[in-house]
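Paired with chain B in one complex and with chain C in the other, chain A is shared by the two complexes that follow.
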Partner chain A sequence: MKIKVVFALLGSIIICMLGIAIGSVLIPFNDIIAVIGSKVLGTAKDAGIDKVTLSIIWDMRIPRVLMAFAVGAALSVSGAIMQSTLKNPLASSYTLGVSSGAAFGAGIVITAGLTLPILGFLTLPLAGFIFGMLTVLGAVAFAASMDRSMDTNTIILSGMVFSLFVNAMLTLMSSLKREDAQKLIMWQMGSFSQKSWVHVMIFLPIAFILIFFTLFYVRELDLLTFGEEHAKAAGVDANKVKWILLGLSSALTGCAVSFSGVIGFVDLVAPHVVRKIYGSSHRIVVPISAIFGGCFMVVADLIARTIISPSELPVGAVTALVGAPFFGYVYFSGRKR
Partner chain B sequence: MKKAILLIMVAILAFGFISCSKTDSNVQLIEDSNSVENSSGVVNTKDRAGNDIEVPKTVDRIISMAPSTTEILLDLGLGDKIVAIDRNAKGLKGEKGLDEGVPEFDMMAPDIEKLVSLKPNIVFTSGMSNLEGKAEPYKPLRDLGVCVAEIPTSNSIEAIKEDIIFIADITKTSEKGREIVESIDAEVDKIARIGKDIKEKKTVYFEIAAAPNMYSFGSGVFLNEIIELVGATNIFKDYNSWINVSEESVVAANPDVILTNVNYIDDPVGEIKSRKGWENIKAVKNNEVYYIDNNSSNLPNHNFVKAMKEIAKAIYPDKY
Partner chain C sequence: MCIFQEERGDEGMLRLENVRCGYDEIEVIKGVSFHVNKGDKICIIGPNGCGKSTLLKAIAGLIKSDGEIYLSGIPIRKMKRAEIASKIAMLRQNETIYFPYTVFETVLLGRYLHMKGGIFRSPSKYDRDFVLECIDRVGLSDVKDRQINTLSGGQLQRVFLAKALAQEPDLILLDEPTNHLDLKYQIELMEYLNQWTQKDGHTVIGVLHDINLAMHFADKILLLSDGKITKYGCTNNFVDGKLLEQAYHMDIKSYMQNSLKIWEESAVKRTV
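== the complex of A and B ==
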């Protein structure tokens, strides 16, 4: 197990380095190290690196790769939590309406042309996050009021009802405001283009704290996987824990979606693959899902921006294109025997 | 409206090139032997997309469902004969004889009943309305016997001139049409004469949609032709048609000049200059980022001359 974990860590570092190196211009590893060295440690000036290359590495590639990694990690952990809490291998925060809610929030901001006074670039992410969370909380609260025991199926169904309803409002809005529809579609498609250090500085700590916080609940997650009766017998207040976990999970997705748009599939695939390889103890699944999801996203983004260079594909298209067959392979390969 | 134009531009991306090659092989002007005038004065010919059309004897109730065509019609002196325009041409109302109260329609989904009730004898469409796999929205008009002339978006100066001649011919204003084309030729010649002597060509990045979904173009677009005429080089000339481009590819190409015709944000030039990591691009360092009039650089018609002059002055201020 230790070896596998070390392997995962090493792998993630290599993938991130590749992500920084490959693009419309190939950058040698020692240049990257030199740039990071000079920027972070303030040592050895630019070592003769071209100014343009410097801004490509430091202002574009590195923030982009870090952002992709963090978003991938956040989505995967969120998926792992949802799958275990709702005991449904297909559950994700998207099922509970995070993305529809976030898109609706973004839609309101775009069509109304609102901007926050000082931190204008945060208007969309903030609106997306708030509406995403509201939708999930609404769905869960609705489920709780319908069904005291908060049965997982009730939660899922109520989530779908909420997300479909919000989706309908979104459709209505974009057909009434045709000229903004394009912008909204672009926002929804998801992309890591134009992510700067500001985004990284805001998102990275949030994602890290939320994932770290999740680690305190690994025992409860294990117990919930076995069933509520088990959890209750072990002295876990199932309903309270569910609220916390669903909240954590939606906050992770909500943040990710607000900053990068809707990117599907990672949250579904990563935890399953990790469970296949590392077993299903959440003490391992949660952190390794984060690493695996992060790497997966970095690779997906790498493909998205290089395959039809100088154009870019929406990263969501790549995650599904690469993810679906890969997932099929991993998930079903064990079943043949 | 500005955003709508952007939307259309993006829509052109996919089909622009296809329609271009289609029209080139089907250029049929009225004088061609194929045009047959029958006893009632109806002229049988082909429109710019190669469809057979019957042009009525009198053309005095015109509907134009494309802003570029509307501008051409106005300069042919037909403003008072236009009975409906598309919504994107709203800004032209009240100009050059176009009535303030002329009704507007959504060119992608026009209210056909209302169009019919206006009793047009000719309808100009852009062919763009045929996108998205939907049935052609103007077919009912055609079935009713109204002459629907399709003018696909042109992607070269040559094709733009042919469009003008075509429109002029079917609206019986051939002479005026030829005048416009001659003045285009004169202006293009003037620029080309200076442009061809420029040896040290500056590289140019032309942005038509701002971050985060930046769009530019390669060859096969009239703007690329203009950049070459002026004596400069488009950094994406090796690509075809309209393309969305990544930030990195622009920074890596390190253009000498950046042009933008983005008009849906407040300060497009300032926005480009303030982009993170762009400060080391030559154009930004030397403060050579310029705004080019949106309408004239956007619509494929004779007004491109205005954009051409602006582009020439922006890239080589000492030569033009």
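== the complex of A and C ==
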């Protein structure tokens, strides 16, 4: 197990380095290490690297990779939480419509040009969080009222109804406000272009804190997979803990989406693959999902910006290309049993 | 030897006073009062749908109930989940598994109360040893690293029993614990629970379908029908079988008559 964890950590560092190195301009690893060294540790000033390369590495590639990694990590942890609290391997923020809800919230902020006093820059993530949370409440309450036992099919269908509905509102909004349409479309598909240090500085700590909080609940997550009643009998205050966890999950997704737009399926694929390799215990699943999801997103972003270079694919399209068939596979292999 | 005393001066293990509960609008338990001493082995028997499982859930505080349930003298409605779980463990009828934990991981979750604090608190050596001991007691040491979704129904039942034991409760509630067990393990389980109750006054309340097994194992029997107690007393009071007949009578008789009629009718057809 320890070897597997070390392997995951090393793998993530290599993938991040590749994410920084590969692009329209190929950059050797030495230069990246030199730049990071000079900027972070203050050693070997500039190290003979020309200004353009320096700017590409430090101002474009590194923030972009960090952002992709953080968003991927946040979404994956969010998915892992959803799956165990709803004891459903197919539940995720994306399938429950949280992402669409958050994008809708972000859409309102963009089109209305809202900026709350004091909060300023944080208005967008806050709107994402609130709308994401409202959607998950809506979808879960709707599923519960339709079907007390919260069957897999009910949850997925109600999530789908919610996300389709909210997506339609988003589309409506973008056709009413043509000047913001381009921005909104990007929100619906997800992208990491134009991400700078400002975004990293805001989102990275938020994601880190929320994931850190989640780590306090790993055993509750384990017990909740056996059902609420079982968890209660073992001593978990399930009514309270369940909502804390759903809150954390929605916050992770909501904030991530308000920075990057809707990126589907990572939250489904990452925890699932991690469980297959590392087992079900959330002590491992939560942190490794964060790492795996982060790497997955860095690679997806790498593909999105290089495959039809010089223009870019929305990263959501790349993850969906992998994720949608995977979703089908999980759904139907689960049904055969 | 059964000593049946309603009050022994002390608080006892458990006391129910006019407990009523159910689901939504339907009342399943319609006013039940009884007293359980420390070290009792009690079997709840009764026909299907009489509220046996519901009564257990009410005792464990898993569903809301009217009336009072006292656990060692304290009303459970005033207790936190963790406090209840430190005293009561429950083995439920049908556990559903959605994620493939190993046997060890599952039983370790029984130690939840002793290892709160999430990822930053790893289980102590005592926790691990205790869990291994519980797994050994239910005879699953060979499969402790197997994933629980690959086990048979009987093995799974024993996994959850081990998990309940790992909780170190004073009182175990068993909802048809012998359901998936073959004869050997049924008897082993009962023997084990016998030993367990003799130690430190541990208490067991179980719902059993098999009346023979109930008579053999329990020192007190609680006969429940239609959400009310028909009779609660020492096992030897039930030996003549009249009370059981009262509780199960209708069903058995009509069933026998119906099947006889069907058999006769088909016999007539065959001869025609």
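Definition applied: the second predicted complex is superposed on the first by the 256 of 337 C-alpha atoms of A that agree within 3 Å, B and C clash if a C-alpha of one lies under 4 Å from a C-alpha of the other, contacts with A are read in each partner's own complex, and residues count from 1 in each chain.
Assume a contact is a pair of C-beta atoms (placed from the backbone, for glycine too) under 8 Å apart; a residue touches a chain by one contact, two chains touch by 3 or more.
Small disclaimer: the values here were computed from a predicted structure and weren't measured.
For the composite obtained by overlaying on chain A, chain B and chain C can both be accommodated side by side without a clash. In the superposition on chain A, A:Ser12 makes contact with neither chain B nor chain C. When both complexes are overlaid on chain A, the residue A:Ser280 reaches chain C alone and has no touch with chain B.
In the superposition on chain A, contact is made by A:Ser24 with chain B only, not with chain C. Using the contact criterion defined above for the overlaid structures, shared-chain residue A:Gly235 touches chain C, although it does not reach chain B.
Touch criterion met: A:Arg178 reaches chain B, while chain C stays clear of it. The gap separating chain B from chain C in the superposed three-chain model is 39 Å, by closest C-alpha atoms. Chain B makes touch with chain A in their complex at residues 1, 3-4, 6-7, 10, 211-213, 236, 239, 243-252, 254, 275-281. Interface of chain A with chain B (complex): residues 23-25, 51-52, 54-56, 58-61, 178-183, 186, 191, 193-194, 196-197, 305, 309-312.
The touching residues of chain C, counted against chain A in their complex, run 57, 60-62, 80-82, 84-86, 88-90, 92, 95-102, 105, 109-110, 112-113, 115-120, 163, 167. Residues 84, 87-89, 215-219, 222-223, 225-227, 229-230, 232-238, 275, 279-281, 283, 286-287 of chain A touch chain C in their complex.
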